[in-house]
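Every chain is named by a letter (A, B and C) in the order it is written, and numbering of its residues begins at 1.
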Amino acid sequence: MSSRDAILGRVRSALARKVSLGDTAAIDAHIAAHPVGLQPQRDWEPEARFRARAEALTSTVEKLGSLQAVPAAVARYLVAHGLPTGGVCWPSLRRLDWIGAGLGMEDRPARGDDLVGVTGCFCAIAETGTLMLLSGADTPAAASLLPETHIAIVETQRIVPFMEDAWALLREEKGSLPRAVNFVSGPSRTADIEQTVTLGAHGPYRVHIILVG
Amino acid sequence: MRVALFVTCLADLMRPGVAFAAIRLLEHGGCTVEVPESQTCCGQPAYNSGDRATAIALARKTLEEFEGFDYVVAPSGSCGGMIRAHYPELFRDDPATLKRIEALAGRTRELTDFLVSVLKLDSVPGNYTGTVTYHDSCSGLRELGVKAQPRALLAKLPGVTLTEMNEAETCCGFGGTFSLKFGEVSTQLADNKCGNACATGADAIVGGDLGCLLNIEGRLRRRGDLKTKVLHIAELLAGRGE
Amino acid sequence: MELRSNEFKARAAANLGDAKLQKGLGLIKVKAVVNRANAVAEFGDFEALREAGKEIRNRALADLDLYLERFEREATARGAVVHWAENASDACRIIVDIARENGVKKVAKSKSMVSEEVGLNEALIEAGIEPVETDLGEYILQINDAEPPSHIVMPVIHKTVEDVADLFHEKHGTPRKTDPAALTREAREILRPQFLSAEMGISGANFIVAETGSTLIVTNEGNGRLCTTLPRLHVAITGIEKVVPTLEDASVLLRLLPRSATGQAITNYVSLHTGPKRLEESDGPQQFHIVLVDNGRSKLLAGEMREMLRCIRCGACMNHCPVYQAVGGHAYGWVYPGPMGNILTPSYVGLENAVALPNAATMCNQCGVVCPVKIPLPDLMRTLREEQMARGLKPWAERMGLALWGWAAQQPALYALGTRIAARVMKWMGGSEKLIHRLPFVSGWTDGRDFPAPAGKTFRELYQRSKR
């Protein structure tokens, strides 16, 4: 008997299974319905909530009127923080006029020594101030991870109240899950040494969010 | 209202005054108090030591002795919790007894809870004067929801000032036989409790469970503190020494 | 991990006097406990959330076989390879085989308690494969001669910043520094090349989602993301009980887990992995293997410890346990310390190999009221105590004492006489101080505490007299 069959056999006998093998009706309905479970009370407006929570997570947030204004804003942010004016960006953002803003943004896979990464996001979640990023050819996962500074562009109409709303949007627009779904909530951190919170463990030291809308 | 006093084995052996104080408080609230004479122990030490058979035997004995009353009141969250929260589980496979046990459990109350929630006392006979700090015993707090009741009663004593300690809800380390089996750890927890209690500057540590109080007093005295009093809340509320 | 749970009593007592350990443990009360309390209060109806979490975990366990099969089907359809490991050695063999077949020399690991449970690092090293722990805490332990963790979420809670400063100075040959941020940067700079050069990343999984065949990890440092993004192979190892039905169910549990663990509303990263790198992608592992480990879990499902399988490994039970707070995690002698360990350790390694653990609790139920999935931990400990009694695993003296006392308590007349005598003897022993400094048979009490002497007469006697 394979390990698989042995384990499942023990599970079945533990559950005193009566259903015939292959009868999955018990779980199919729940999975097909995937009902929304308990959520916190919503007494907030999504954009304001997103902003407040993101800032509480030590991200910085600014808002622009249009996507065209992003490169200049990125340039301002990098210069103000004394950061390099170049780095890596998602291929999906390659059409923005980075050069016009004096930036050297390359739409290639991120490397271990990249210092700045600019990405968009699939959507953002107001409840927790979280970015939802999907991996893909034009939206590689490493760009938001390897650089010390992560700048994320969020269209305000893509801010949804809860994680469950993000799943609904994903099912509607993509049908199935990409290889990686990454929820990002502020700069990476650790509190392993004496429970002292330290920003910038293995991922970005700073996350700057540019709201567009 | 006919109320049976569940004396508790620790009050019987160690501090009879606590049981007398409980009687006084119940009578003050207009109850007819009876004390079934053959009572001994609720069985919790056996239950928590894994001796289910003895626990069941003692639960049956308690049932026989206490089932005819309007209420059963214990000056202990631990014994009260055993009857109210755990007895039914002991008889999960015995439906006939379970029904009677559930009725008993439903009528069993911890003393301060009974005085506040059922009798709704608007005064207490005691006249204690001093600053006290209150230790929340685990079973009373987490099994029976005893938290506000003792404080509401203390507030009825004009001479008493309550100063809350840090970690009032943290276990004192007694844990019944735990205090013997893991003496060093138990002592350490008692020491933390003493430290938190003494830091309030209160001249008495008050609680609702003699097990905890003996543990706290034992550690307090070994630490060399012979001054801070350790009192059961019934003694404060009823007045001492009568 | 070496099993030392039967040394609990001695190691616990020794740890009480360990000043450095006590310093670290002291921080739990002022940080982890306070942070959780704030997060719970901020949420609103956290009790309803706990109930919802319990129901989701119960639903998964009630149809565990079906959900596992569905998970396997969905994961496989997306190109992942699902392996089943009956026990620790199976799990190690499966992963070592995957590594060997793919010429793996170095593995970057993110934190996984199941990998500790099965002894994966030892197995990899034996096979000539280098595992590199990348969680800061786990890395500190690994370079300190593979010291075991003392907490499931905060593995180096027993170490001070000075300890880490000395260790990094010695092992890295760098100037000694005592700023946690500087130490963290030093570890980052040493570990970054390891992520980039490792051929395989190993992660755990906080949940696996049946609906989509995804594994889900929560991390704060980002090492979990690196381990699952950069190396060409990703292996996720986890227990069979970790399955949840849907993404919506996972979302509810994600509201519970970080709040209970660290007081965060959400961890910095929550990552779901569904299959390997797609053709068009520029990053991600070419192979994705998922190792589902039984190692005793199906046995728990069959028995009275079933509720323990709801556990989502947040660590709240140990953070809030007065015993854990006093003695630390190493005293428990295996992977899972604190109240959860009091149940899991004897369940997985045998009751006879962890005799003290189910008893190492005051039954204060602080663990039970904070558990995010409402596991009645004290009740489960008590059930194990009953099993110990039935199997004769309790010390002779305890059994005799209990039997004698239990018998006497059922003989009211004899009991009354016994307590009359005891009250008098103990009063006499207490003398004018009314304190007993030494009592035979209960040195566990009197070594550190006096025993307040009784009044001298029992209530029973006095009450009968008052009625006459």
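Observations on the structure shown:
Just so we're on the same page, a residue touches a chain if its C-beta (ideal position, glycine included) is under 8 Å from a C-beta of that chain, and two chains touch if they have at least 3 such contacts.
Because the structure is predicted, anything quoted here is derived from the model rather than measured.
Across A-C and B-C, the chain pair carrying more C-beta contacts is A-C. The most central chain, judged by the distance from its Cα centroid to the centroid of all protein Cα atoms shown, is C. A separation of 52 Å divides the Cα centre of chain A from that of chain B. Our note on geometry: chain A versus chain C, Cα centroid distance of 29 Å, whole angstroms. Look at where the CA atoms of chain B average out and do the same for chain C: the two points lie 32 Å apart. None of the residues of chain C touches two or more other chains. Note for the complex: chain C touches chain B at residues 9, 12-13, 16, 29, 322-323, 326-327, 359-366, 368-369, 379, 382, 384-390, 394, 398, 402-403, 405-406, 409-410, 412, 415, 419, 422-423, 435, 442-445, 447-452, 454-455, 457-460, 462-464.
Remark: chain C residues 24, 27-28, 31-32, 43-45, 48-49, 52, 56, 59, 62-70, 78, 84-86, 90, 134-137, 140, 154-157, 159-161, 164, 180-181, 183-185, 188, 191-193, 195-196, 210-212, 214, 220-223, 225-226, 228-230, 240, 245-249, 251-252, 254-255, 262, 265-278, 280-284, 292, 294, 298-299, 301-302, 306 touch chain A in the complex. Taken in their complex, chain B has these residues touching chain C: 7, 9, 11-17, 19-20, 35, 37-41, 43, 45-52, 54, 57-58, 61, 89, 138-139, 142-143, 167, 169-171, 173-192, 214-215, 217-219, 221-222, 230. Touching chain C in their complex are the following residues of chain A: 2-4, 6-8, 10-15, 17, 24, 26-27, 30-31, 34-41, 53, 57, 108-110, 112, 127-128, 130, 135-137, 140-142, 145-146, 162-164, 167, 176-196, 198-204.
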